[in-house]
Each structure stands twice: as C-alpha cells, then as structure tokens.
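Read through the structures below before going on.
Each of the next two complexes has chain A plus one other chain: chain B in the first, chain C in the second.
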Partner chain A sequence: MAIRYWPMAGAAVGFRLVLVLFGGDLHLASRPEVSTPLTSLRRLAEGYWLKQASVSPYSGSMYHGSPLLLSVLGPLTSSRPDGHHAHIYCSLIFVAVDFLAAMLIRATGHELEMARNRSLKSLDLTKAVKDTVNVSAGDVASLIYLWNPWAIVTCVGSCTSPIENLMVVIMIYGSCSRLAPLAAFGYVMATHLSLYPAILIVPVILLLGYGLDAPPPKVFVIKGSIARKSDVSDNDKTSRQRVVQQFSWKPVLHFIFWLFIWSCHVLLLSSVILKKVGGLHEMFEKTYGFILTVKDLSPNIGVLWYFFAEVFDFFRNFFLMVFNMNIIFMVLPLAIRLKHRPCFLAFVYTAIVAILKSYPSAGDSALYLGLLGLFVNELAEMQFTFFLFFGYIGVSLLSPVMHNLWIWRGTGNANFYFATGLAYTCLQTVLLVESVSSMIKHDRKLRLLVTS
Partner chain B sequence: MKSLAKQETQPKSRLIVRLGVFLASHHILFSVICCYAGIIALLLLPSLAKNTYLSENALIPGSANPLFSTEDAIEANRFMKAIEAVARDSSSVIGMANFIAQQIEDLGAEVCYQKFLPHGKNFHPLKFFTSMTNDIAIQPNGTATNFGINTIGILRAPRGDGKEAIVLVTPYNSQRVQSNELLSLALGFSVFSLLSRAAWLSKDVVWLSADSQFGEYAAVSAWLNQYHNPVFLSHSVVSHTKMYGANNIYDGNSEKTEATAFKRAGTMAAALIFKVGETRRYSDRDSVTIYAEASNGQMPNLDLLNVVHYLAVHRQGFRVNIAAFSSLLSSAWLRVIAEILHTIGSVLRKINPDWKLDIAVPDYVEGTANLANSMYNQALGVPTGSHGAFRDYQVDAVSLEFSPTFHVKNENAKSLFLLKGGRLIEGVARSVNNLLEKFHQSFFLYFLTGPSKFISVGVYMIPFALLLAPLPIVAAALADGSRSMEKTADKLIGDGKTDGIADISQNKGGSWKWLRAAKVLLVVQLWAVLVSLLPYYITQIPDATPTQSTLIWVVLSIVVLISLSVLFGSPYSTGVEWKLLKATMITSISIGLGLMSIINFATAQLGALIVIPMCLFSRPLKASGMNFLPRAVLLASNVAFAVLGFPPVALLIMKGVSKGSRSWTIDVGDFWVWMEFLWERSSATYLYLFLVHLPCWLLCVLVFLHPCHQSEYKLKQE
Partner chain C sequence: MAPPRPPTGPILFLPLVFLFLFTTAAASAAAPEDEKFTEELLLRPLPDRKALAHFHFRSSAPPAASVGRHHHLFPKAISQLVKKYHISELELSFTQGRWNYEQWGGFDPMSTNNAKPPGVELWAVFDLPLSEIDATWKNLTHTLSGLFCASINFLESSTAFSAPRWGFKLNEGNLRYGALPREAVCTENLTPWLKLLPCRDKAGIASLLYRPSIYKGYYHSQKLKLRSSQSLGIILDQTLTVVLQPNNVHGEQLHSNHGQLQPNWSMRHLFNRKLSGKCLVSKSSRVFIEVDKGIADEVNISGSVHSWSNEFFVLSNSPDKLIKGQNHLEMQSSFLYVYDASNYSEEQPLDLGITWKLPLIWTCTPSPFHASRFLMGSGNERGSIALSFMSTNLHKKISGSANDCSIKAVIFQVVPWYVKVYYHSLEIFIDGSRKTVSEVVDKIHVIPSEDKLLPGTLEMLLRFPCSMQSGTLTLDFDKGFLHIDEYPPDANQGFDIPSALVSFPEFSSARSYPEIDPVLGSPLLENFQEDSVVKSYTEVLLVPLTTPDFSMPYNVITFTCTVLALYFGSLLNALRRRIGEEERELKKRATRHGLISRLLAKLRGQKVDPSESGSSFESTGSKKLLFKVVFVAVAAVLFHYFSNNS
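What follows is the complex of A and B.
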C-alpha cells in the first residue's frame, strides 16, 4: 500500500487551518470531552487576567495549569479579533504544535523501523517477516495522529492538550534517538504540565539503557545456540553481539543529570512568574493537588467523577489512594514483561494513563492512538480491530448525544452519560489488552520462526 | 510445529465464545426469527398498553371545589361581546392587543407587549442539538411593518416567592378574527380574572394571548425565546424609544411607556395551551382533543396529561380524544389481525389468567390507530402545536382543543361550556400550583394508544431491540466468513510455498482487511454529509421554485458523488469484498439506529422497519452459490428495496398512502417542500434520512452491483 505521505499530511494541516480560520465558533471548548478543568483555554485566560490584576492565578479554583503556559499563551488570549474563533492565535499555535508532534512521531517511527530491520537481519528473518509487511510505521503513525478526528477536535477546541502531547512525544523521540537532554526536557515539561507522564521514566530509562525495541533476548540466545551448532562465520557473531546489548549506564546518568538541570529551570521560572502573586507551594497544591484529589466533579469521559460524586466523604481519602495507586500498580509488572520493547511500553503507559487519569479528554486518546500506529507491523494480526474501530466511532458519537439528553433535554440523567464513559473505558481496556497480547504473540512467533 | 502453534494460540474456547460462534453460524435463521418476532411484538403493542395513573401525589387533582362560577362565565360573555366590537371596529393589529391589555390592567395584573417577526425559513438541522440559549431574540426594528404582537398578563402570586410560574396560552389570529378564537380568549380572560382573585395561588400566572397570524408556534416560540434569552443593550434608552416608543400602541400616552418593558415571572412549571375549535354538532358531548407531541419525539411528563384527562372526564364530563389515523379505523386487514390476536389472547388467558392479551377487537383497532398517529407524529419530529416550543426549554406543556357541540349563537349552551372549560383549566392550574418540584415522577418516554392508555419505554423498546439484535450477529458472521474464504483462497495460491511463510501469509493483513471497506463507508458518509448540507446553499438562491430546488439538489449530489469517486477511487477499484462491505454497512447502520433511538425513538423504530430488511437482504447480483429460486427471490427483493428505500421515492409513496389520493401525480417539488418542513423545525428526522438512511441505501446499491471477482483480482495482484 503506497501512501502519499506529504499530500495527506498537508491536507490534514490545511483542514485544521480551515476549521480554525473559517469554522466560526464551534463551541468545542465547552464540550466536556474536549476540554477538562486542567486544559481549558478559557480557564487559562481567566488565570492570566487574574495575574494581570496582581492576584494569584490560582485563586478561585479557576486555573489549574502551569505558570509557564500562563506567560506563553496568556498574552495571546487577551486579544480577540472580531468574527473569528475566540482564541484564534492560540489555535494557530496548536496547529503548529500538532504538526511538530506528527513529524516527531514520524521520525521516531523511522528510528524504530531501522532498529527492527537490524534485529530481523541478525535473526535471518528478514525475508520471512518482510513478506507480510510493507508499510512505513512512522508514516502511518503520524498520519493517524494528524487525521485522528479527536486530535483535530482537540486542536481546534481551545485546550492545551496538544502541548502536553507534544512534550510526551518529544520525550519519546529524544530517548529513541538517544538525545538525553531532549528526552529530559520532554520528560520534565510533560510531568510539569500534567503529572501523569512521570511514570514514563521507566520506558525512557530502558530506551536509553538497552536501546530501541527488539525481539526478546531469549530469541537471540536461541539463535546463538543454533548458530553455534551450524558454525557460522565470525562476521555474523559480532553483529549479533551488537544487538543484544548490556544495560549502559552512561546515557542514563546523562539523562538524570539533565533531568536535574531542567527541573531546576522549570521551578525557577515558575517561581519568578509567581513571585508576587503566590509561590511554588500554592502552585503544587493547585496543580498536582488538584489532579490527585479529584476536586472537580464536573462530568468528563472518565469514570472517576461519577465515583467520587457518589462516594461517602468518609471513604473519600481511602478511594483516592486506591485510584491513584491503581496506575502505579501496573507499572512494574508491565515493565518486567515488556522490557525488551520500551517504546511499546511507553505506548501502554500512555494508554493506561488516558484510561485512569482523573480528568481524561479526547486529546489523551489521540496521543496513544497515534503511538499505536508505530507498531503497525507488529500488530498486524491484532484481533477485534473491526469491533474496536466501530466501537470508538460509536462511543464518540454517543457521548455528545447522551450529554445533550441529560443536560439540555432533561429526559436523561447522569447515568446515561456515565454509561458512555463506562463503555469507552471498556473499549480502551480491550484495545490495550489486545495490543499487548498480540505483541506477545508476535514475539512468540519470532521465536518459533527462529527455532524452525 | 504448526499444530503446536495452534494448540498454543487456541486454547479450549469459553462457553460465551462458543455461543457466539453458534449464533454466527446460524445467522440467517436467527435474523429471520428476530425480525418476525420484532414485527409481531410491534403489532402486540396496543394490547400491552397500560392504563395511566397519577404518580405525583402532590397534584391531587379535583380535591378542591372549583371556584369558577356562573358569574365568571357571565364575565367571559361580557368580554367576548366587547372584544367582538373592538375587532369589528379596529382594522389594525393593535386594537385587540390594546383592549386585552386594558382588561388585564383593570384586574390589577401586570401587562406587557412583545413584538415579533415571523421566522425566516432558515436551514438549521442541528439546532435541536445545540443549546437553545445561543439564540439571540430577533428584535423587530422600527422599519418592519409586518409584525405580530403578543399580549402578556402576569399575576404575581400572593403566597409565592415569584420563582415559579404557570403559563396559560390562548392563540388568536389578529388578522382574521373568528368567533371561536374570541371564545377561547374569553375563556382565557375569565380564568385569569378568577386566578387574580384566588388566595391560594403560590406560583405566578402568565397569560399569553399569542398573535397567531404567522402560526401559533412562531408566536409562542418568539415569546419564549425572549423570555429565556434576555437582551442586554448597552445603549438601552435610545434603542428603547426607537423600538417601542415611537410606535402607535399608546398614542403618545407617556405614563404607560414603562409597561412596554418585557416582563418576566419565574421558571415555568407547566404550560397549558387551549383554544376552542370548530363546533361539531353530531357529537353528543363537548369534547377535548389533547395534543402533546413536541419536537423530536419529546413528550411532556405523563402526569400532566393524566391531570388533564382526569379532570376533563371525571369532573367536567368532557369526551377526551387524541388524534388518530382515521383511515386505519376502517381498514379490514387491521380487523383481521385484531381477530387473530384476540383468539390467541383468549387461549393464552385460559392457560394463565394473568396474561391479559385478549383485548377486544374495536379497542385494538382504535388503539392501533391512535398508536400509529402517536408514532408518526413523534417520528416526524415536528411538534403538533405550540406546546412544542415549550418543550425546547424543558417546560412541560400540552395543547387542548375544545370542540363544543352547540351553535355559537346559543347563549345558554355557551355559558355551560364556558363554565365547564373554565373549571377544567382552573383545576389544572390548581394541581400544577400544588407541585413542589418539577414534573419528574411519571414517564417522559411513552406512546399513547388512547387518552388514558400508554405504552412505556420498557415495553416499546422490545420490538426495536428484536429488530436490531440480528445486526451484530450477521456482521460478525460476514466478517468471519470472509476471513475463512480468504484462508482457503490463500491456501490455493500459496501451495507451492514453504510452510513457515504460508503460516504467516495466511493472515496477510487478516484482521485489518476491513480497512478498505471502512474507507468506502467513510467516503459514502462524507458524501451523505455534503448532500445534507447542500440545501443551505440552495436556499440562498432567490426565487427558486421547489421543483427547481429539488433538481439542483439532485444534480449537485450526483456531481459530488462522481467527484468523490474520482478523488478517492471508485469503490470497487481496491478490490473490497462484498461480504466485508456488507458487514461494515450493517455495523454502521446499527450505530446509526442506536443513536437515533436515543434522539428520537419513533424515527428509529419506523426507520428500522425499512432499513434492516434492506440491509439483511442485500446481496450482489453476480454472487454465485445458490439455487435459482432463492436467488431470484433475493434479487427481486433487492431491487424492490433499492427502489423503495430511496428516500424521495419512499416519501412520495408514503404521501400517496397517507393521503389516500387516487391521483398519483409525481411532483418532484413535493420532496423539497417536505424536507423544508423538516429542517425548518430542526427535526432530527432530516439528519436521520440523510446521514443514516441515505448512505445505507447507497451501500446496498453498491453491494448489489458488486462485480464479485475477488479471486481474480487477488491472482492478478500475486
């Protein structure tokens, strides 16, 4: 399947520009699926206004984002041309940000492809596996990211999710191409903006330490033992040794060093910005505290708002701990099982975060669906793809209808909307389980091919 | 090695998986059974109807003695005589409004006017979906000559806090005054004057005499729009005098200009629209017809209907009707079905006395006629009266149309009628006045099979669910079938190759093959979206007749279709399998019908009756592997569905059937008029027709014309 990449990418960017410039006000910013209390640009404008009035931007529980965004995007929100989208300048920036993210995903895909070809070559499986696939993973992934309706809606719908997504993509790209400073920058910024990417430290360290995705080490060991029996030349052996690498500490230490430097920078800048209007303590309380304690119970596509609206106050702290630990619990087992594929591990973590985070939005899903495209060759035999595809379409159409039924027509109630959220969570879980299991199946097949 | 791999990847399947596989392998039988069961369940609905009951205890209708006395009736008569004189004298719109305002003011109530312009024929099919608050009330400017005037009287409740209000509406046409409309105004005024003296009132009462020269709905919705969307003018003083002050309503009477400001009461608890219709002399009793269907199949809370019905029948002795399809009442085949169901029901009753399905034949026929009308009105998505405007703001409202049996000149009978009507309205207002919360206890989702019989959502979901049930099963069976076919084909091709490679290439993109079919589906959907948006541009053309507009629409649609197929490649060029195409179509249709059943259930129910057989029967012309007879039957049904399923044809046939006209003149312009009717009222049925039905029809045609030479194509590719 030949994909004309550039026309498609250009068309996607053009489509976004058309929506931003001529789409009028689509009221996307008021949709709970698009903007959350953390990412809403309207809240950012309010925070900026408060700050200009020499009041803490965090007062009044309006703004919960980073002070850096406040000083970068804030000035753009105050000017509002007539007859246009309310936040047109910000939206133009988001279009550029989305394009940049797509380019970085593409570059990451090329890196992954090269690594894959290397490892397949060293296993002498190039012919056997090449027969099935002739798609460039990077192109597919970046096109999925560019043409994903949710990414488009997020980009046009005035919320800061595209920037958060870009930071995660920068981190993954940086660690795939072994640029420790870049990876550290992406990591620090992503964590600063939305906290949850903090768990991505595991795949980043694995990527820097072990290198890119490869078949499990066991396969190389089996190949080695077979090769020893049939007595191959020295040339092959050396190439194999290069693939099975030991954990290298140098880039990891480099990364940690830069991590420290960037963190200091971010904290310093934040404290400078917030110097007269509150301090870092308030920032942590109103951003990270707000994320972790689920203070805002307005409906979103996740499941936590409904649960915490129903739960007795007495148990609230207990369940806060349970739900927050839920993400942490999955980090270690997955890292052990998928340590040979750190990039895929990063995808799995982003998907888990998108399911379990306290204020999820369509933008989070756009990110992990884009990353899913990076593994299109490995996941060619994934099951239930038909069901998942139409399930995602159905849920994304159902959600606004249920919201309308509940809020505007008054014939439905909160359970209707929550049911959509539940169905959405189930779909995401099925996608995650299926992708992980088909990745494991793929590895097993490689082993079988090697032994045969 | 191969067997080892299979053992590893395919452990013994679970019961649910085996059940799914079993259903998929018998999908034809399953879908036939489900479709028949769905249709039978639909026919059974009238016998499953339950009697209505009052859920909200606070309503207690009829517990207090009505205060509306003969004196009030005399007052109404006096009002009527006076307004008749005014209507005869004054030629302009203002005279009557002025008189009504004067009368209201004499009662000591507040009064205000609202000027409004008729609605333009705007194209806003998605309006039902966006919130109503985004609208800004259109204010008539000083230059407009053709405008209507609503007169609004507001009673502040002596015991209330002014947070809630009851709305009474009497529409009248200020341009062409008729005696029955004057009678309804008189009724409204006498009730209002009674309520102005009532000590028990705890909610404000708003009496809107709506100027229906542009239609009742336009007047009421214009008032509601201004009521809910206040306009904040930065330079209010100047524009106020511009808008109202210079007008001749008050003839320069400056002290009353403060009355011109728009006045509001609290949130509306309920609204009652009543009008006196034409007199009917052949009936023995005065009757009331209830209209309740609002836009997109929304209904007022059933308790409101219950209160009206209870008071009308048990207190005032009215005969209560709901609108029915009169042609069904005399149809022979319905009678036959009723007989059969009655026989089966009586047999079932002998088995278990609790099964009360043996409904009497006339009851069944009447129930079906009412149900058909109720479903049709809900499915159309266009409100049956001005109560629809209230439902857009989540206010429960119902229209009552009185049909008196007396002659207008008969004073005695008129007084009696006014007494009964006034007591009914007073009773309803009193019940609503008792409410502590919004209407919420009873049903919002129901069909009516009689004035006091209803079918709730839990029952009427069953036929739809049965009709929808085969779709996922058939889609799964088709997708699975195409995969197995693929496997055999690939084995034939790849016989010569080595084992290991064949093992992988067997699944060559196996689970992603539907992407091509999905691409076709997306292109078709894109086309449908473009076609549904075309009228926005066509309406901009000045002075186009409906026939011209229809032709432009059709030509543009075809042009768009051709250009899309040039842009994305013709649907068959990528070698998409018809089974996958059909599976994709069925999945998309089940999503579409599911969504529509949430937005407007009746549309989805009626649409499913056409779309689901069309989908399930669709089969390529050139597909092989069947005997002559079943194949011929399938082909014939395919062609029939392809013709009948095309929306314009379906609508024209429906028009012929519903009108019962012998003259089958085909007027293309009718289609445009129909569609205009739908999108003007922002009916979701328009969207259903163009975003669900039309793409499904096109995909069916694509499946029907599928060339079916997959294996050749594959071989060529190899």
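What follows is the complex of A and C.
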C-alpha cells in the first residue's frame, strides 16, 4: 500500500498545481464557502496596501487577520505577473502548505497506529480486532486531506485557511510525537490566527501528559485482574505498567514554558509590525473582537450570519454569549469522557469549532474530515455513513446553486441559501455525534473482548 | 425687549421711551456698518433652447459687537445659528435634477459655484477646537433640519459625513461634509428659505418665484451660503438656480437646435409673473441678462449699450448698462446687460425677454475633462466603480498644442460603508492602455470605511497628460450585508452613492469685469469674480444591495436555535449513555413484570403474587420523584427571591 501512497499524493499536489497555474482565475476567492472575511486574501492585500500607505491595516473593517501573515504574504499580493491570476505566488505557497499538512497528518497517523498496535498487543487483542481497512490510517487520513475537494478548493481559492489548518496539524503532530516546542508553536500560531483552536489546549495537555490514544484504563485493569487470576508471572508486570498510567508533568511544564516563549515572540513581532500603525490593542479588537462579535453579516456556509442579520438588536448580546459559550460548554464533558483518546478529542474539538465558529468555511471542514481519517479503524462501525457522504455532496452542490439564485440572479431568496446552511450544520452535527458514540462503542467492544 | 403690556403708570413708561430713543440713536451712529440686503437676478439663454435663471439674495450683518443681538434685516435664526455653532463657513444646497455640464457649460462661475449634486449637500467649516467639531456638526444638522423642513438630521450619524482634508476644500481638519443624494426637494424647503428674506416673496425679485413654474424646470438648486468672521460680520448668500424650458409660443418643445430659431422668452413666459419694482428695503435690485461668449463672438457685440438690438436678437427693454466680462486668461467671455429694478413699478412692470431673429448655434465653454461615473459588474455580491474622463480638448484652445504638458485633476469621493471599496484594486486606463498607479496619481489620501461607523473617503490628485482623450479609473468593491433594521422601508430600490467631485485646480472659473466700478456693489458679480477652481459633480450611483427576508426573524431564530439544541442535546446524550447499564436494565425489565402488565393481569382476573422487590422499587422511585419536585420548587423560590432582590 505504501507504494500506492506516493503516486496518489503526488497526483493531488500536481492537480492543485495545474489548477493554480493553468486554471486561470476561477473566482473561487470570492465564493462565500471558500473565503470568509477572516481568511480572504483579497482583504489581506487591502490591509497590506493600507499598511504601505502608513495607515493601520485594520482601519476600514477590511482586514481581520494576523499582522504576521500580512508581512509574509502581503508583499506577494502586490506583485501581479501577467497571464496569471492575481495571487498566484500565494497559491503556490498554499499548495506547499497543504502538502506539508498532509505529511504531518500521515506522520501523526503512523504514531497513532504504533500506539494502537502496542496497546492491542498488551491486551492480547491483535487477532480479535481485525483492521477493517488494510492500510495505514495515516496514509488514509493524509490522502483524504489531499484529495478532499474542499481542501483543493480552499487551497486554490486564495484564502489563508490552509495556513491555519497547518498550524493545527503542527500542534497535533507536535504533541503526538511529544515535541513540546513544536506543539507550543502550533498552538500559539493557530490561536493567534483564528482564536478557536485555543480550546485544543485540553487534548494537547492530555497528549503530552498521558501519551497517545489508548483503550480506556479500565480495560487494562480488567485485563490485569484476569491475568493475575490465570497466572501470576511476567504478564502481570507489563499490564501493571500500562494500568498505572501516570500523568507526566515534565512535558506539560515544558510545553507551558514554550507556550510562554512563543506567545512572547508572536506578540513582540506583531507589535513591531504594527509599531507605527495602530498597536496590539487595535489588533486584538479587530481580530478577536471581530470573531467574537460577528460583525460581518455576509453569507457563509454557517447559520450565524443570517441569525445575526435577523435577530432583534436587543437580544444580540445575549445570543452572542450563548453561541460563544456553546463551544466552551462541550469542552469539559468531552474531555472527561474521552480523556484516554486525546487525539480523537482534538478531532472532536476541531469539528465543534468548524460547526459553531462565527465565520465557517470549507477549509475548516477539510481539516476535520482529514483528521477523521486517522480513526478509520476505530470508527469502522460508524452508522449513517452513506447518508452523511451523500449529504455532504448534496449540500456542497446545492449551496452554490442557492447562492447563485439569491445573489446573482435575484430569483431565489436568502432563506434558500440559509436552508442549505442549516442542512450542513445538521449533517456536521450528525457526523460528530455518530463518531463520538461509535468511538465509545468501540471502547466498550474492547472491554467486552477482554472480559470474554 | 419690552413686550407690549398695559403700562402701569407714566413712571414706568418713561424709561422705555428713553431706551427707545437711545437705541435708535445708537443705530444711526453705526450707520456706515448697517445691515444690507441686495437682490439680483441673472437670466441667460442656454444653447439647448432652455433658459437659466439665477436668483441671488445677499443679507449681511456687521460684526456682532456693534449691534448686539438685534437685527433689522438679517434673519435672526441664521445669526443665532452662526453664533451658537461658531460657524465660519457653511453651504447648504437642495437640488433636484442634474446640471448638464456639456450643454450648459462647465467652465463658468455658474457651473462651478451653483451646479450642485442632486439631493442635499451640506458642508461647514467650524471655528472650534477639533475635538468639539463632530458634536457641533450633529447639533447643526438638527437645527438646519428644523429650519428647512428637510431630513438633514440624517447627516448626524457618523456614517453620513466625512472630514476631507484637501480634496474638497483645503482646511485644517475643521471642515465636515455630508450629502443626502435621495432627499426630495419641494416647496416645503423653499418656503423656510424665503422666510429668511426681508420681503419674502411678496415684493421685489423674489416675487417672481411662482412655485408651479420654477418646479417645472429641468434643474432646480436652492442654496444657502454663510460666511462669518470677526471683521466681516455675517454674510448670507441665498441663491436659487433654475433651468427652465420657455413656454414656446408655437407649442414646440424641440430639444435640438439645428437650424431652428431659439425660443423667444420673457419673464412672464418663464415665471408666469412680471417684476413690479424692488423690495423696498433692498439696497440694490438688479436684473442681468448674460450673453455667452459663443453668442458674443457670433453677434460681434461692439461693446456699446445699443447692442441690445442686433441682427440676431433683440431684448425687450433697453438696458441701463452693459458690462464686459473676462475670464481668467484675460479673454473676452461674456456680456451682461444690466437693468435696475427700482426703475419699474406696479404700473410699469418689467417683463424682460429676448426675441430671436435668426437661428444661432453656439456652445458653452466646457471643463477640461467631462467626468462621469458608472457602475460595472452584475449581481449583488461585488462590483466596480468607474470614473471616466473624456477630454473636451479645452487645453488646445487655451494653450495651443503642447503635448508634453499635464492637467491636474482632484477627485473627492465619499462612499458609504456598505460599499466596501478595495483601494488596492485601483486601476487606471489612459486611452485604453493600463498605467501603473504611480504614473498618474500624484497624491492619494484614503480614509477607509469602518463598518457601521465611518464612510470611506477618497481624495486623489491625478495628473493626466494633455494628449489624453479618455481616461478611466476603476475601483472594485464588495457589497455589504446589513442587519434587517438598517434597511430603509423600500430596501429593494437600492442605495445611493453620493456624487463624486472632480475639480481642476489649474483652471479658474473666475471672471473679471475691468470696466466695472466698485461702487456698483453687485454681490452677484463679486461672487463671479471670486477665484474658484473649475469643478464638476458626477452622477449619483444607485447600488442595489441584497436583502434578507424581512418576515423571517422568528423563523430564523427558532430554526437556528433548534439546530444548536440538536447538536448540544445529541452530543451530550451520546456522552452520557452507558450502553452496558442500559442492556442490564433491559434484561431486568424482561424478567420483571411491569406495572401495566400486572394491572392488565388483574383486569383479566389472573392471580399475580405481588413481588416485594417491585413495591420497594416503586417506593424508592416515588421518594426520588418527591425529592426532585421539592428540589425544583426550592430552586424556583430561591431564584425568584434573588431576582426580586437584585
């Protein structure tokens, strides 16, 4: 299978390059599904232009991204080669970024697989739990990420989501392979770029503290007691080691130390970039404030834009609090229930963020669908997969049609487009709930296998 | 000062008399600096068979210190306004229709000073510290709104006005500019405007303002301009510019003028009124007929007063005076026939008119470039604004054919926040070929728009080559999406982008009148002599914006909340479920007889041995239930108590 991975990955990168170099201007950059006010590269170019004119890049409600992106990608947006669309250099960067993210997902998958094999071996379940898919989960996940049409569209459509996704993937990879500085870097950058990955601190700390995904500790206890009953010999020691899974503070403290260092770096760089034009205060107000208060009501694939366009002004603040708290509410219950599977927990959090964030886009979905591939063996018995698969296809076909009818032709109305957004949110919810419950079922199955 | 009330005695009455004598004496002492009022009317035939009438009324008050708070002629409302808001300059215009720069001229003081954008335009310069200006502006808009029965108060919100630095008028940040393109102008705005005149429309030149005829015109612009300073006092210029179609005797309403005789008209034709004398309190009252350079060249007016009757046209009355006008290049530009209204009376009214004898074709001097603005793109998501300049080849006429010269143009444009302009997308095409921005733009100043807070302001100094025939500037924009409360009642009509102002700083529209004696003291001609750059306003743009469904708020709120509840509930349920326990429970249920089955069995008359375990389960269950009810009740009472307390 490893032989077939590289041609597929190479083909995906080649496909992206073909689209970027020869696809002409596909006008994907202005699709509401692809670029949001936060990630639009066109807005970044406007911010860069304003900065060059020694005005604050945040003046004028155009740019809401990070000043670091501004200084990295900004110079590339101002040069326009003839015969290609405006942001071709940035698009080339995004292709590389996507490839890197796919590679990191693959590496994470390999780590996860090794951990899984280890724990199954210690439970003597290697034969009982047959791998349904005869490929490495990492390869599957990285190919899903590379060939996901949404990821391709996001990559080609000039928006900065690939970079945000890469940072999240770096964080997960770093914490899976216990590289505290890398994990801290990914965490700080992801939070800096889009705020929501901040809740991923829980799985990162669990990953660093407890190690990679494993069956619940209870299973090891049962296994240990059974083993003790049968024979009190070498087996006991090994299972005992697994059972007493101590929370190791050292990598966590290491992570926190690096977290502090990277935060200082980012803040310092931002303040240097924004030295003469505005300052950090304005940056926080225009990036995090913009995210949390849902100021831009332009349509996207979520539901919040229409909600806040229609809701009575009097209740606006209340609902802002409700919707923002909704993300935080589920953090703790999930962490308690899934603390033995921190990597899966990270996937669940990413999916929740993609559902509930204020300006969702296809790029967010591309990320969590890619991560979903990491658990292809555990989630083999997931229900409604047929419904979900065609639901996603149906929504991604209908949504542009409804948008076109409403915005361009003027024959439809906003409700049609909003309906696809609602359907999409429902689909994501079903996917999330199903994946969580089938993971719980999988753990239960392991326990039953151990006891029987 | 002293309201008329029954005098209680001669003792109280006496001081009043003294006071009265004293004030009259004081007023006569300050006679050289008295309040003045002048009224003037300028009539002009236009090349496209129309006639222009420009009414000009000036009231001036000497500096406040000399007269105190009382006025004879000057409107008190205006002087209070000036004092309260510390205004050093203010201009308010109500306009309906668009000035036709191609036909009616773009290079004369009339077009640069009195051609205004459609709707309401207000700008004011304040003599205040910069921090207080915005608040004062808000109060000013409300005052003017009340004074002129117009919705000028919409300019109060910070999204409606801007503070241009040099694109509109050079200032130190104390100028505010606002425009309402959609404001309809009607008699209800004219009546309060006329109230500021000492004779209103009862006598003098203002009596010509017969509403049905002046609102019938193609262009109607009513303007109020204030200037105030410590040395000058307050000068209030009220002008009304109308372009009318003369009621043709033959009933023909032809717009082309090829080979046709120009329509003959007189005041009675234009206004349905004749001028019967002057307003008695006015210092001077004059009527001018202006003959354009185009006509003057053809007719070869010798400069003598007798030229009022020549082979092309004849004026109905013999003028009192003829004034030659020159433009800023010392070239002969126009002739003015002057009539003094005080020579006419009720018995012998003035019905000034022009009668054409031969067909005459002439053109007015245009501005160096004809500027127009339009929208590009379709759909409600994005679009572009394009500003196009068409050369009128004026520079060739003026400066010969120097091809390496350049012409400066200043663009001032205010864009509402829901039109989100990408200023980096500025593209410039000159004669069809794309130029880099730095080649053409000398100076640019942008205040980007802030959502729901500030409009975008663009000030740009361009330098076009003289040889340019056509130039186009394009700017991309995204259309914003508004909250349902922010849409006006007729949301699908679209939103207006106010006119852009294009000015050509190298060209001055000022006229000079070398033969005029300063004693004549005509404020109208004084205004014409003022140095002002050639300006032209572009069209107002109508941008349609997408509308949400206005009837949906409840549906949207309930749907969204349902979906979120679905997410929350089902996820929490998935986490909470203990499948093992559920299965055990199911097994128990299967072995145990349920309450209903027992009841059924009883009804059927079968014997059921009551199991001890079942009743105990029931009792513990009811205890639990009772406990829950009590808990909820206590929680409710506590909540009520605390919420009442706070």
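Convention: the second predicted complex is superposed on the first by the 437 of 452 C-alpha atoms of A that agree within 3 Å, B and C clash if a C-alpha of one lies under 4 Å from a C-alpha of the other, contacts with A are read in each partner's own complex, and residues count from 1 in each chain.
Following the convention adopted for this analysis, a contact is a pair of C-beta atoms (placed from the backbone, for glycine too) under 8 Å apart; a residue touches a chain by one contact, two chains touch by 3 or more.
Being a predicted model, the structure only gives us computed values, none of them experimental.
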Please indicate which partner A:I393 is in contact with in the superposed arrangement: first for chain B, second for chain C, both, or neither. first
Chain A contact check, chain B vs chain C, more residues touched by chain C
Go through the superposed model and pick first if A:W408 touches only chain B, second if only chain C, both, or neither. both
Is A:K441 in contact with chain B, with chain C, with both, or with neither (first, second, both, neither)? both
Kindly classify A:A53 by the partners it touches after superposition: chain B alone (first), chain C alone (second), both, or neither? second
Once the shared chain is lined up, is A:D296 touching chain B (first), chain C (second), both, or neither of them? second
Kindly classify A:W150 by the partners it touches after superposition: chain B alone (first), chain C alone (second), both, or neither? neither
Tell me the contact category for A:F185 with respect to chain B and chain C: first, second, both or neither. neither
Would you sort A:L449 into first (chain B), second (chain C), both or neither based on which partner it touches? first
Using the superposition on chain A described above, determine whether A:Y359 touches chain B (first), chain C (second), both, or neither. neither
Chain A positions within both the chain B interface and the chain C interface are 407-408, 410, 441, 444
Per the touch rule above, chain A residues touching chain C in the complex are 30, 42, 45-46, 48-50, 53, 55, 59-62, 78, 295-299, 303-313, 323, 326, 329-330, 333-334, 337, 355-356, 406-408, 410, 413-415, 418, 422, 425-426, 429, 432-433, 436-437, 440-441, 444
Listed in rising order, chain A residues that touch chain B in their complex are 27, 128-129, 131-132, 380-386, 389-390, 393-394, 397-398, 400-402, 404-405, 407-411, 441, 444-445, 448-449, 452
Could you please specify the touching residues of chain B with respect to chain A in the complex? 1, 5, 8-9, 129-132, 134, 298, 394, 444-445, 479, 500-501, 504-505, 507-512, 514, 518, 583, 587-588, 591, 594-595, 598-599
Where on chain C does chain A make contact in their complex? 378-382, 417, 420, 422-424, 444, 446-453, 456, 478, 480-485, 546-549, 552-553, 556-557, 559-560, 563-564, 566-568, 570-572, 574-575, 577, 579-580
